[in-house]
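Worksheet for the structure shown next.
Letters A, B and C mark the chains as written, and numbering starts fresh at 1 in each.
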């Protein structure tokens, strides 16, 4: 899902007016029908935002992914909710008055639910740091919880403002995932690197959005810091590339791991990932 | 001295004996024709004698170790298999393998043996031809040459004359008779009793897995035996050019 | 053509392709820089690229290619059938199953050689099944049917094992195990595969004279002093060693063992013994060439080796089947 590259500006008038517009539009529909009372979420990220924003009892079910600590920063909170696997039959049985899906929810699932007479809201997800406040506001409006949304956005902005200013000479880092997958410019992960005072090596290699960077090229780019994805149980050749002797040699200079759960969804929790990246940066700076 | 001694050799397929209680000895200078109707057990007798299939009783060949046996007896089975398009010369040279140490390449004595074998079968001009592209009869001669090149004291052949034209059948039997005259021995299964009568020094008759006659052709090919074993009548006479045998009628 | 000359030419071709393989890659190193880094260790990053990424890749391509060529020639010689090949008969697929089971159960982490030994076990089972199903006089039809059955079973079980894995990436790797790839392999993999491969090469090379004798059929071979049960055991063990070791580190790569002996057979006068050595070199050259091609066609993505070997091999396979049918060989 490539997006145009560019510096993110959280307080830009454009973003704010969009939020206002969205809130007004969605609020109007919500007001007509009243806030939904039984909400089922079909996506890990809407799960988390809904858990943060919903009124007690308003959220009926979230996905099983939200309870997986490998994927979700809110696995503890998720333990209190009935979990679903996104199958139309189980969703219908929950008798929701609103289903929170995303624009990437499979087309056939959405149309099936709609044919069953359910209201399905297909949210875009935050792909960049700058999208996060809009996203929070939209979910807040859908749930009829605008005030809670505004408070969460304010907290997030405060958290961003409280971050240490980036160093003058940022360290050069590469995000190294399974199958040599990396995040280039225009991605949430790359935004977080910049916030943590790191220069993204993938951007030097001309990678936009997500993409693979051959190991040879990573070695030749000689990053100061290799940030790996977390490991899953079981074995895969995809993850084995992270243990390749050439990558181990690079990691001797500086390395660390970042949990998927901390940045996979555009929620205020991404600030945790930034803090972790900044700590890795500091450790690598001392090492060098 | 005996080149092959069988004592009470019995081989079974399942519970049924295919050959039973065969006792036989073949010495140098003998060209032995193994005759008998279809299914009499000729092939089984030879395979069991070589130790290629399990059998009760004793065979002097089967007790030898494999390499020693390959230097004593050459085996020419009935099915003429040539799996790959190799040259005639290479195929015949395969017969020299039992005489080579591991890793040893064929040398001058081996090439001489191959030349002799090719000459005996009239294949000198076929040396560089591809064996699989030859006619059936030519292939049969090439395979016989391979067994000859093995230069063993004993050659065992299963219907080697099948599919050969008359000239080549006679030539083959002459080669076998010549080997016997040179002090070697041949045991060959065959159906052409005329060839057998003319070229073999001795005939061994198998009937329903048992040895029913063993001796010089004139003593073996009696009207009574022909009737009992083959169910035929025949004309058998000593002509000016040697024995003449001609099957005449089937006995109903 | 004289065998020595042919082997010299094939060795020269293999060496040239080995060099090209070392000089192929997305790092954009000039040949001079690449070789200076490889031999003298000039430049930290360059040395890492050459010694830890490209060298093991080229070595594995040569080793695995040689193994597959040799195994193909040996199996064809033993079964006297030009359609026999470890990939088509499911031997590679079963080795992959063994490797996948070892990886997903954690056995592979238990001791160093666990992974190749597990793949070897899979290969042993497959070769044993093929020989049992195809029988002593097994014709092409029986052989191919046995191969289809073994391949299908191994493929299904591999897919099952990968889908049962808790690892989210594992299920997608069925392609790797079925088609093979040398991307991002390391010297660790070279050392993992080498001992079993050397053992397997020695076993298969020892078959030479027996395979020549088998040209005349099993009865003649046996009468000429070859112990067929031992010959068969050596074939099973040797094939399993080389295919198991190769598949454990690079997945199942098909058709090399079919194409290489087929092309080289006329050049060695069809002699099974000479075909063994020639096919080893030929296999090394073919797989090196295929691995160079996958990096040139899609430099940044991991195009599977089996795609290229099948593109070359499948048409040849059609041709072989057609010819086999026409000549009435069953």
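A few notes on this one:
The rule is short, and it goes like this: a residue touches a chain if its C-beta (ideal position, glycine included) is under 8 Å from a C-beta of that chain, and two chains touch if they have at least 3 such contacts.
What you see is a predicted model; the values in this text were computed from it and never measured.
Chain C has the C-alpha centroid lying closest to the overall centroid of all protein C-alpha atoms shown. Summarising the inter-chain layout, the chain whose CA centre lies farthest from the centre of subunit B is A. In this assembly, the C-alpha centroid of subunit A lies 44 Å from the C-alpha centroid of subunit C.
Chain geometry summary: the mean Cα position of subunit A and that of subunit B are 85 Å apart. Looking at subunit A, no residue sits in touch with two or more other chains. By the touch criterion given at the top, residues 25-29, 44-46, 48-49, 52-54, 103-104, 106, 108, 165-170, 172-173, 176, 184, 186-188, 299-302 of subunit C touch subunit A in their complex.
In the complex of the two chains, the subunit C residues touching subunit B come out as 80, 209, 212-217, 219-220, 222-227, 265-266, 269-272.
If you check the complex, the residues on subunit B that touch subunit C are 47, 50, 52, 66-67, 69-70, 73-77, 79, 81-87, 90-91, 94-95, 97-98, 102, 130, 143, 146, 150.
Partner subunit C is touched in their complex by these residues of subunit A: 178-180, 211-212, 214-217, 219-220, 222, 232-241, 244-246, 249-250.
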